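Would you mind keeping the following structure in view while I ask a few things?
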């Protein structure tokens, strides 16, 4: 008896109701006896509801049939029945878990009043009922139970604004449910039953105008409950004002219930799927646009919530339309659980931090734990790996592509990008706009920091944990190679655990972890991937040695760096486009966070992230099209994409080019490079940018060459590359900030590589890869040198330096060699790249591109000279007289790279042979060697001989001069001893010609580089804000207007779907 | 009047119900006073209840109570549909619950801001 | 003004939709499938002559449990909203408002006729309420109706004797216990009969007698009590806007 | 192997001496022409040699640092190296230098070598005028590079090779085969670029030879200056040889070499004495207009008319 009581009642899904109602009814009594006991009963009931849902779901997952709960001992349709199947179970478990956490979160408020406790409990039960019931009218009851409990809980804090918002909410939802009731009764009128399954069976009875209107009423009122644009102002007000715990439950719980209700009645709505998708899509897009202009954190979450529900609706409708309901669990379930945990977590965070304006969120700038939680939630929300949203979005886009729904793909991706924009703008505020990690100005006031206890963070932390766990489970379901793909995260986590120890020790640990992990991930690669693994992982490690030059705390830096470097390894290891994209996004996220760690890195990092995400979405779209065309996720199958190959190539190429800072979409680059930590800039430029090149090579290899179709996009790509090179160089010329200058230079140099790849010829690719290696070497050296300079001078403006050759001779020599290697002046490595590129261009007949290449490499001399002149040469500032050479740990990697430059300069064959071999699988070798001389159709290049001749002609005058010097009296003179009209300059500033160095050049052709791209993107931002303003005029705060919109929705739905006729 | 008399009784109830719904909606949308809006809601709600009742009507039927007046054997042809009646009962109670909560909101709003005008409660917007 | 026109326009469109509903409506000439089943088998199956009650309590028992819950939570919600501000840290305006209300003076006493009538009628009203819910399975009426009648008695009382004291404790205990008992009866249905809220846990008894139709009268007693006291509590809270503990 | 190298070095040294001497002669020659135009007598022909020797053997020197010291070395290495990669006389093993190491592209890029090193040396002197001069020179260089590059591309299209020797070979067999006649558009563009390259008026503001202490060599003196003067002569002659090879059929003998280069040089000199000086931004804009347009036309011309 007792055991059957447990198994039949309590552990049965029915037990959820029994527990909730029993406890709910008794809580007032317990409360009278003892407040604590009521709280205990409350939690016991909630926990029980979680446990019941969990155990039953587990059983179903393990193969048990779904549970049908019949009431009254009479079979449906004559009685009400409930169902607990896989989807129901998932939703119920998720909702109850979230509710349990939310209850913990708002316990301080709830425990004030026993009625709040019972209302909360019954609200959760109501949501459970909405999910499980199979009866249309019973659904109405559960909706109302949930609604009334919600109304009461909203008003729990009785301030004026909450009450006003709550009243609007009541008016709106009660109008909607009224129509639901009308629809229900008319459906009953036609079908004669209320059981949903039974109605579906007899759906043919629903006909004529009555059937049409009744169905639309039911559907529209449910949709209204999901707060579609523009009939959703009431929801936003509540999200903004209600207690965060309640708002979170409305956002994730109530919405989940309504959403599931829609899912249940959808079989009746086949002909309206397009409308539903449209409503969902419009809501998703518009709320994310409006979110851009929102400054209130809670209201922002409201927009995000509404947007996410729109996305869910869109996904549901489209999946059913495309008859992909087998993917519902993965896509809709994944999106839902992701939204639920992340959004609830954000609401809770907003509650415990309690700052309404976004700009006040700098109150957690010094709270790394909270920042981490905030960042994770946001990353999850916009669908970054490894969270469930990532997998779900991927799968959704794939299915949409298969179904040819390109417009919807665009909507999903654009909406996600917008959402990322405002969420991470928020994160930027929280991160604090200005963090002096160098510790140079301690006078900056730290805003008062939020005080948050661990207990308050607990629900958020659990939600985070669940996000990871579910993400991992979904990864398993998607057949991702585990644990390999998750290694970056594991490594990051491990390093995060030891983040408390001393700086250099952490750095060492990081290097070891990355070394071991990188080896493990990449040691079985071959071909071009292996080559890139040397560059990305090996090179990354080499440059990373330099991070040890700082011994300060650098919270979060090392774990993130490990994630970044290992995610590059993951990228190389990827066999499928999904794995590639996984690694790509992981790289994006970790590098974004690393940039925010820089001195003023937060704002540029946001730009960086947004452009990176845009790039990622182009890539995603490209992969999706490829999947649709070839039916395979394997990267090696990219080429089997038939007719759409040109489009796929274009999309992917756009994605990679954005990531490399291509012409017009480069504006993120200088800021991110300049403001990132100095050693990390070296990694960004020398290593991370190569990921884009790898991607480009990958698609060029798999798409461009394997297929016989001529690819016009490559010609465009060639031009993009060379224009990037030209304008990168031109813009670098006019920079005063040393890091910005070299950043633009980096952009320009990558442009050549893009052009090289675009050539689609063996020589072009060899030149591109050769330049890639070279770029790694010289940019690594340059940025590490700069790190040393900035470390010593604490200055980034070049005109404030000068004469540092005396203090930092090694740095100067390294920089000079790097610059010669970059410039393309023989005999160093740069020449080989340019020579091969030029030959390949001539071979291909791209003459004007070749002319541009000439011009841009000439322009490059300007900034290269300026770098050396204004920093190292000229007059030294008086305050710099005592500076020391850069730390040895910074110089060591530079020295290794210098050595590599020298070796490759003399014997390029050492590098070219493996490069050529790696390309062989796609394009057969066209390199002709005569001894050490490389022959092409046009010319020849004998590197060792050039090296010898140049060495000779350089050594001879040197020796002569040295000999002459022996006979001369060489007088070493002081700094100011110059021919200066027989005067001695007073200050170095007077005679150090550095500021606005190329003013005349600016006068001549400066008009070419006026920041048009920046202006364009600013205008785009401006425009989107204007759009947001005009889209949100509907939210005038008046409850009656909101109610009017709801009525309009009904009318519009009827008119849109067929009008009043028939 | 003869036209009305010819109409089925349930249709008249139905139309009145729908009319009531519209009147109630008009009240909710145009009356700025919250109490009046609540009255509007009640009207709408009642209108829906009338519609529900009318749907359950079967021509010539009587109350579905099977006793001496309505013998069991013939019941099927003589009673109205019990289901809408049951539903409307539930719906009434729910409407009552909602109205009660709405009214207590109105009371609280008046206390907090000394006004009942809905268009003066617009501080949350955009 | 423009807004009004707009509202009018929308409502006109809505009216056209409704018109469409009405013109296409034709009165039922026979019972719906569901209704047919209930009328045909209901009396035998559940033993309740009043088929509406049979539907309400058993066939759609879950609805009714929900309905009771709705009433319960709206009472709780009203209590939560109208609770007296006790803590100093609540909104300043709120507190002043409350005080103003308290000092607004006492209610005008009701006339003697009302007072006397109340004293005379109140017991009868309550008795009638009890009659209605006890006979819910036999005749028109039931738990809700009976509860509402009892509550109207309370209304009487409050109108006539505004200062009269209604025991919160009693309300709470009866409310809670009757609700809990309802759930227990429902659960017993699973254990002893066909399913949750099955009324056949008790003997169906003689068709048409008071103690018949299984657990329906029992359930209606709980529902009646619960509804009556809950509605009374709601009324009471609107009177004083103060609940103290629930 | 070693003998072969010694032979090559020997041959190259010979070429180097001849070209240097010729360059010095030309330097004096232009000074004299300018003087004649301005109504002066001018310097004797050996004056440049005397200047170099005088400076070379000065007893004292001032150094501003190691890069200052290395600057002239880079500079002259750039001059010598450029010559080393150009075959001077067609068909002569003796005068082919090290042109087997690289092609036209190598030469063009190696021309920067000396400029860069020089610029660095001048920079370390700490004199603002040096830096200004270099900034101007580099800017102007980017401008005349454009028509020059376009012209070079045009002739590469025309001859389908980057090898200077083969370009010269293709122009053999009569004056009508010279590039200047077969591809006059490219030659025109290149000659306009040549004006900027030589650094004579009107494109001489970065050197500003008339003003006293302006330009990159401001702080250089003694042996440093002699290296630089030597290079100026050598480098100027080297560029003439390059242009002769590319556009004027090359030379099969020393005499032909001298006549042709002399004539090419005269173009620069005649224009130089006839026009006043451009400001540097004017000069840059000038090169980006007509010469660039001609350069573009030369490519179109080569593509349409000169390829089958």
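Each chain gets a letter, A, B, C and D, in the order it is written, and its residues are counted from 1.
Here is the rule we go by: a residue touches a chain if its C-beta (ideal position, glycine included) is under 8 Å from a C-beta of that chain, and two chains touch if they have at least 3 such contacts.
None of these values were measured; they are calculated from a predicted model.
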item	value
Which of A-D and B-C has more C-beta pairs touching across its chains	A-D
Separation of mean Cα positions, chain D and chain A [Å, integer]	53
Cα-centroid distance, chain C relative to chain D, in whole angstrom	104
Gap in Å, rounded to a whole number, between the CA centres of chain C and chain B	16
Mean-CA-position distance for chain D and chain B (Å)	99
Per-residue multi-chain contacts in chain C, two or more chains	7, 11, 14, 21, 25, 28, 32, 34-35, 38, 59-60, 63, 66-67, 70, 73-74, 77-78, 81, 91, 93-94
Per-residue overlap in chain A, given as positions that touch at least 2 other chains	137, 141, 144, 148, 151-152, 155, 158-160, 186, 188-189, 194, 1044, 1047
Sequence positions of chain D contacting 2 or more other chains	none
Pairs of chains satisfying the touch condition	A-B, A-C, A-D, B-C
Residue ranges of chain B touching chain A (in the complex, touch as defined)	21, 25, 28-30, 32, 34, 37, 41, 44-45, 48, 51-52, 55, 83-84, 87, 90-91, 94, 97-98, 101-102, 104-106, 108-109, 112-113, 118-119, 121-126
Chain A partner contacts - residues on chain D that touch it in the complex	9, 56, 58-67, 69-70, 72-74, 76-77, 80-81, 84-85, 98, 100-106, 109-110, 112-113, 115-116, 119-120, 123-128, 131-132, 134-136, 138-139, 141-143, 145-146, 149-150, 153, 156-157, 160-163, 213, 218-219, 222-224, 227, 279-282, 284-285, 288, 295-296, 299, 303
Of chain B, residues touching chain C in the complex	8-11, 14-15, 18, 21-22, 25-26, 29-30, 55-59, 63-67, 72, 75-77, 79-83, 85-87, 89-90, 92-94, 96-98, 100-101, 103-105, 107-108, 111-114
Contacting residues of chain C [partner chain A, same complex]	3, 6-7, 10-11, 13-14, 16-17, 20-21, 24-25, 28, 32-35, 37-38, 45, 58-63, 65-67, 69-70, 72-74, 76-81, 83, 85, 90-91, 93-94, 169, 172-173, 175-177, 179-180, 183-184, 186-187, 189-191, 193-200, 245-246
Chain C contact footprint on chain A (complex, rising order)	4-5, 8-9, 12, 14, 17-18, 21-22, 24-29, 31-32, 69-74, 77-80, 82, 113-116, 118-119, 122, 125, 129, 133, 135, 137-138, 141-142, 144-145, 148-149, 151-153, 155-156, 158-160, 186, 188-189, 191-194, 208-210, 213, 1041, 1044, 1047-1048, 1050-1051, 1054-1055, 1060
